[in-house]
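I am attaching a structure below and will ask some questions about it afterwards.
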Amino acid sequence: MAEEFEEDQVSVAERLAAEALIVDVDGFEGPLDVLLMLSRTQKVDLRRISVLALARQYLAFVEKARALRIELAADYLVMAAWLAFLKSRLLLPPDPTEEGPSGEDLAAHLAFQLERLQAMRDVAARLMARDRLGRDIFARGITEDVTRIRRVKYTATLLDLMQGYARIRTRDEFRPFVMDRDAVFTMEQALERLRGLVGYAPDWTDLSSYLPDGWQSDPMRRRSATASTFAASLELVKEGRVEIRQTDLFAPIQLRQRKDPR
Amino acid sequence: MSDQTDTPGRDSLFEAPPMGEQERMVEAILFATADPVTVADLAARMPHGCDPAEALVHLRRRYEGRGVHVVKVGDAYAMRTAADLGFLMQKETVETRKLSRAAIETLAIVAYHQPVTRAEIEEIRGVSVSRGTIDQLLELEWIRFGRRKMTPGRPVTFVVTQGFLDHFGLESARDLPGLKELRAAGLLENRPPPGALGIGGSPGDEDEDEIDAGQTELFED
Amino acid sequence: MSDQTDTPGRDSLFEAPPMGEQERMVEAILFATADPVTVADLAARMPHGCDPAEALVHLRRRYEGRGVHVVKVGDAYAMRTAADLGFLMQKETVETRKLSRAAIETLAIVAYHQPVTRAEIEEIRGVSVSRGTIDQLLELEWIRFGRRKMTPGRPVTFVVTQGFLDHFGLESARDLPGLKELRAAGLLENRPPPGALGIGGSPGDEDEDEIDAGQTELFED
């Protein structure tokens, strides 16, 4: 991802920081946490942070992890891909035909997220450092024992209530799993079925008409068959065998055989 | 108050805190401890050179005629409500007990499914609901009778009360978290929902065999 | 009904006790319990025509600078030892379970952003909230479910409790340290990511939520 010459631009201090990070990558709470840590090497106010430099630092960090054969969780790699994209947006002149937010907007939001996370950490520390009940401040030790009227008061917490409800509701989930399999139409089944059928559909036809017999009325079966048939149709589009369209949000999805199959 | 400040201290290396401070300390200790405290105990807790016996004299005087007194219990001291105000304390003698599991479950069903009939509660819980359980919830004023259902027999229904919402800190019964949120909060085991697994997961071998045997050949081009 | 006819005691049949007496009563009640008591609760326990709010003003003044204070907790009042004397109470110190960093941050986010949804907490922290974190805070009774948000899906929200305020010695959530500065800096705004290309939480979560949503539907009657 990060090219050689860019890696060289990364200062020694940054590289040392990145290396130290990798050793303890398990101690981090996700990519945002790493970015916040990296941003400290810039030694400026978070509001004046260079997001471009930060993106380079992060990409160097991921590159290094890869070189050291350290496996990073998926979200670290997603962040790397996103930052690579952001970097290109920041470096290239804006393309007027390109839709969506500008690189500056995205960079500003990332800076905002980092500043907000840092602010939350700061106030969390201030909160925990307050004089606290049971540690610095104490409540009455002897609550009054004038036993005169004895009334029984029943209590329950919201937690009790919800756990009770959850208990009842999850009982249903203990049914043997195999019982439910006859309500599942797998994608492979749908694909096989659709492969054969689309050959007979030169015109736009509703996806729902491809549902197998006996899978249209029962909601569980219908839902499963619809999902797998839809997934299968996308697979066929990918293979270049059919075309798919939807005219409007929630409008019927339609398929037809591709005239000039690839 | 502070005119006797210099008297104790003795030959101690560190100067003892002023008497006003010592009085504050005794006050805080007597307030926070669960049992009466002896003078020796006070001395052990307070900084070196303090004179808790004298601080107690000041403190007792300060609380004379107040709603709370410093009283001597054996050779120890404690703070107690003034005897003439005992009538205000009746509320403190309330004994709290946890609601039974049956009652909690019944209450939860009413809250999530209201208006709900007794038969419906039994169907959801899978066991019959004892008369006492419903009576207890009615008595607690957490549930009340709702409108009758327009089904054969016109059974009465139950709904939750404002008292219920107040007790559980809810603004309305609609604010009760749903199953999804219960799971998100970790209150529910994250078991795979029935039927949901097979769809995305890799198909077992048997499935493939079945397909092969079926229509596949017919439609092969 | 009757509160329109007789305003605070004044023309009532029975004369309210003198203010000095009322102050003693409030003092006794607050001393007797460890939990904060609301003004309404005080009024309900005191003789007809009393004005606990005014008595509280006198009482708070009386305890200024003492070893014990009258503190405000949300809309309730309690007596607590002065923070500078905490060192005397080592015996009374309650060992609290050490909170994880995730739990501490989540708690702070709920306090400063309340009412806040789980998705918003995850947005701010950049990671998904692990099972058990919210559970732990609920169990400590530092957070509770608030009103549902009027956004698609009507997600439940979390808010902090009176117990939270009591534990951290706050009169209200408005007194949270640094709140004004954070607000002025725009750091408490709910700023959506520009365009659809957010950095958002980990993509895995969304999948889980979708499955859950389907699951909830299955159970809906």
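Letters are used for the chains, namely A, B and C, taken in the order the chains are written, and counting of residues starts over at 1 for each.
Going forward, a residue touches a chain if its C-beta (ideal position, glycine included) is under 8 Å from a C-beta of that chain, and two chains touch if they have at least 3 such contacts.
Values in this document were obtained by computation on a predicted structure and should not be read as measured data.
Here the chain at the heart of the structure, going by C-alpha means, is C.
Among the remaining chains, the Cα-based centre furthest from that of chain A is the centre of B.
Remark: chain B and chain C have CA centroids separated by 14 Å (rounded to whole angstrom). Centre to centre, using the average C-alpha position, chain A and chain B are separated by 35 Å. In this assembly, the C-alpha centroid of chain A lies 31 Å from the C-alpha centroid of chain C. In chain A, the residues that touch at least two other chains are 138-141, 143-144, 157-159, 169. Chain C has residues 31-33, 79, 81-82, 89, 92, 138, 144-145, 219 in contact with two or more other chains. Put simply, chain B touches chain A in their complex at residues 28, 31-35, 78-79, 81, 86, 89-90, 92-99, 101, 103-105, 107-109, 111-112, 124-126, 136, 140, 168-170, 176-177, 179, 182, 187-189, 191-195, 197-200, 203, 207-208, 211, 215-216, 218-221. If you check the complex, the residues on chain A that touch chain B are 138-171, 173, 175, 177, 179-181, 183-184, 186-189, 192-193, 195-197, 199, 220, 224, 227-228. Chain contact summary for the complex, chain A toward chain C: residues 29-33, 74-75, 78-79, 82, 100-101, 105-106, 108-110, 112-113, 115-117, 119-124, 126-128, 130-141, 143-144, 157-159, 169, 172.
The residues of chain C lying in touch with chain B in their complex are 23-29, 31-33, 45-46, 65-68, 79, 81-82, 85, 88-89, 91-92, 118, 129-135, 138, 144-148, 155-156, 161, 209, 211-216, 218-219, 221.
Listing the residues of chain B that touch chain C in their complex gives 23-29, 31-34, 45-46, 66-68, 79, 81-82, 85, 88-89, 91-92, 113, 169-172, 174-181, 183-187, 190, 193, 196.
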